[in-house]
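The same chain A turns up in both complexes below, where it pairs with chain B and then with chain C.
And then the complex of A and B:
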């Protein structure tokens, strides 16, 4: 066997297993999901019928689904608005500060804590009877700020988004920090000699230098916002009524509570398409505004 | 060029071989299983007759861990009755997890031999269940026939219990309140408790969604007077309009929620928090099934200051007092079980008077078998003091289930929306619209 053939055999044999695993656990389930999205399978019976595009038409006709998607949009928007703040915190943590490692750990800690524990802690904080948030507002004379945090349909989503921000901002900050540290210091020194101030340095060196990380965070934001599940599921179960339901929560209910796996598969496919489309649009917009590396 | 092709073909072959090897294994296993099951189907009676060791897999759920321990130990006793059979019990903590697990098992062809169902699960699993009509215990079960599907008894309940309104007699005494016997009196009692201000009148854990079920799920059924009401509305285009049992019941519920007798924020507290308020005597009244008695007892330690009255859903005392009576903890046999005769024998034992007596006494719920009376003084006392007409909860038929799934209708979520301020007229119009469209789509 020639040397190049041997090389190929080695490479192929090393790649065969991961590719096989990928086919089995990623491509096959996705193909199966696509197949189920065209059926009326109820999740229990052993047979199902193909219903063509009926599930897709039904999904578009369900107002609750779009109300849930609107809630996802709120998560996306508010998280996106916080990105500049996260960059500023990262810049701040990148500076030479006393006890810097401690602050970095603190910022990242919420992301490490188990989601269920986070949900329980915040359920307690928002509690209308003896809940710490309301007690605190009362003690500083701000009774008028007291809200029905989890039971007012107009407030509940913002209460849950606050939990999401608390949990995920730390991860974004750490990612930005890693991006910041990858920027060579001599760029800053050269710009200083040329007379650039901190704002100009931020705009012309820091942001372009971190563009790859910003793109990743923006993608994580789209994906995360469209897939929000654990926080509303654990704290409100999408309630009161469907007020804090999200696209994924609605999909899970459709499958498990209302025995409509076909329709739920359709929703999962739609979610996948939405993530791809929104990420693509966002990337193009980001690059068009000069944020891209080019 | 040829080498490149060779490389690509090699890569493809290797990948395919790995995938096929994996699939082949599962296929082989499947074949083995099929062979085993078909073999056992014919060999089963022989193996049973030959005295071979058999394991019956049983699955159930219960929120009460001590009940799970009791049942685990109880079914082990069956080995004394039939030394060749051992029963393995798999327990789940709640019905939601249980149902999901059973669906997965079903698709994997790994359903247990003997398993628990809720009345509204029977329709979903009907094609998987062995008819029980030929068992001697079926005729002795007080409710089994009510839940027959297409004329066949597929699952049998073990318990029956009324839905109650629990209260603290000491609070009623302190404020000079009488136990209400009509809906108006019930509202008056709650309003008086609210005016007094010392206690939260009604402990509603609305955050959890389900604790409003005595109102939003059951009231329209009872007020219809028809135990098959759910199946009946499946045949109507607009069963939620004004003048219907739904509208009448929900008008009362809306008035109840609007009266603000459920504390400062009923939607902000969970069931555990709400009952915590009731157990610590900060709240006066809470509606729940008899199943809550055990929880109360385990938390408070005694039932000295606990009593119950039937939810008075009538306008005058001359009318019948109908009380929702729930039958639950149904058990069924998997029709694909390898040992149908052994499982049937086990089921006969499971529902025999001695075992059933121990079961209902531990569950602290009413017995479903004739000739057995649960030793639950609280329940027996309730029946002795109140002249009620039991109203049996009968789940809707297949058409109803299909409509519920198509419209994603959840009575309890509607209750939450009402507590959040949604108007009944809007709810009625929305439901009618969805219902009639779903019916049109199903035709």
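And then the complex of A and C:
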């Protein structure tokens, strides 16, 4: 076979399966969601009616949806507030210290552990009867700090966000560390000769040098916060009531619990639009404040 | 970077605190896993077990269906990670070595797939899996996991850049076909990159919960994650047995991580810097 003929054959045969999987399990379902978002399909019957923009209008009028979205916002905000601390931990881990390989393993460990196991570990810690956290608070004389961690609507979201922080901060630290290690060392040496202290180095070399990784973490945070699902799904099922529901949890329930596939599809499409829009806005803000200086 | 003497105590304090926060929740579960029921309710959860009691671990294995979970998780990992690596390297090989009309379109499709949300897509994917007759079979998660994604393709492409085209050319002089070149030259040279990505994928699949939960409700098809979920549903208040099950489910990923962390970090760092 000639090489030009071979080229055609190998391109088609090597790409057939990866592209088929991509189309069948990611792109076609997304197109299908868009179509279903304009229908009243219940997931069972063979037929459905097109209802125009009704689902979209309904979605905006649902208080549960806004409540869930507010919870997503809390996850986003608190995770974002931890970013400076994560960068600081990464800067320390980048120093040449003997204990650092050990601390690096520790920091990343939570991210590797099975998410279901993590969720139940914290269910145990938060347990209201004989739960380790409340017993610990009692033993050190802080009875007033004792909470119903998972059943008080005013507390439950923060309890769950703590689990999310425990699980994901380590990933962010390691990504920041990767960014730090990509900064050429001679920049630091040159600035030292010019008399720059550690704070000036941090501000003028480290942060700009990491701007790409910071952007990635910000994107992961938007995408992650908008899609929080497994932690509330496993620990509280969104309860008490819908106090700890999230947008994704509410969408999944709308489809698989309440059989309203049309409305759930609409919410899935809205979620995708939010991911695109918020990532874009955040990227622009980050660049405008000088994050993209390098 | 070196650290001034003022920063040192702060450094040790900070990392001591992080170590405690990371390890204490797991330690408390280990304590509970080795206490019999009477001791669990009588003693403080912060207290070490008086002796090592293995009844909970036994209960977790016998009632918790955990061996089935191990078997199914192992099958899912072996088949889908293998397929995923072959498909990923094949895609990168074509995209790096050949120029053709739909190359840009293919990149665009993988980019769109990046922003498709994880869980909500199941609303439509569920019908496709059912329509294909894959519901309640191991093939459903296998096909979903096997597909390659943009991040993997980027890391493979970056790696391919370093494999000289001259190797391909000299093989072509000897009359080797493109398939032969891929199989005997490119693929073996990509194995270091594949090893890193494979370990990350293994941990991802081992820890995934929703896809096996949604597509494989049959008890015989439970994975580590879904077996644990079912066990918790059945034994809700027996925290010692549940802790034992949690411990068993946590352990494999932790061990893999501790043995292979060099590769995990190498892969993450490549991905982050080029991303």
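The rule we apply is simple: the second predicted complex is superposed on the first by the 271 of 294 C-alpha atoms of A that agree within 3 Å, B and C clash if a C-alpha of one lies under 4 Å from a C-alpha of the other, contacts with A are read in each partner's own complex, and residues count from 1 in each chain.
We take it that a residue touches a chain if its C-beta (ideal position, glycine included) is under 8 Å from a C-beta of that chain, and two chains touch if they have at least 3 such contacts.
In this text the structure is predicted, and so the values were computed from the model without any measurement.
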item	value
Which of chain B and chain C A:64 touches, first, second, both or neither	first
Contacts of A:15 with chain B and chain C, given as first, second, both or neither	both
Contact breadth on chain A, by residue count: chain C or chain B	C
Partner chain(s) touched by A:32 [first = chain B, second = chain C, both, neither]	second
Partner chain in contact with A:127 - chain B first, chain C second, else both or neither	both
Chain B versus chain C as contact partner of A:110, first or second or both or neither	second
Touching partner for A:24 - first (chain B), second (chain C), both, neither	both
Contact residues common to both interfaces of chain A (with chain B and with chain C)	15, 17, 19, 23-24, 43, 127, 256
Chain C contact footprint on chain A (complex, rising order)	1, 3, 6-7, 10-11, 14-15, 17-19, 21-30, 32-33, 36, 43, 89, 91-92, 94-97, 99, 103-110, 112-117, 120-122, 124-125, 127, 130-132, 135-136, 139, 166, 170, 174-175, 177-179, 181-182, 188, 198, 212-213, 216, 223, 226-227, 229-230, 233-234, 248, 251-252, 255-256, 261, 264-265, 267-268, 271-272, 275-276
Chain B residues touching chain A - in the complex, by the definition given at the top	3, 6-7, 10-11, 14-15, 17-19, 22, 96, 99-100, 103, 106-107, 124-125, 127, 206-209, 263-270, 273, 277, 404-406, 408, 410, 413-414, 416-417, 419-420, 422
Sites on chain A touched by chain B in the complex	4-5, 8-9, 12-13, 15-17, 19-20, 23-24, 42-46, 62, 64, 123, 126-129, 148-153, 236-237, 239-243, 253-254, 256-260
Chain C residues touching chain A - in the complex, by the definition given at the top	1-4, 11, 14-15, 18-19, 21-23, 25-26, 28-29, 32, 41, 44-46, 87-88, 90-91, 93-94, 98, 100, 106, 109-110, 112-113, 115-128, 143-144, 146-148, 172, 177-179, 182, 203, 206-207, 209-210, 214, 224-225, 228-229, 232, 239, 242-243, 246, 249-250, 253-254, 256-258, 261, 264-265, 268-269, 272-273, 275
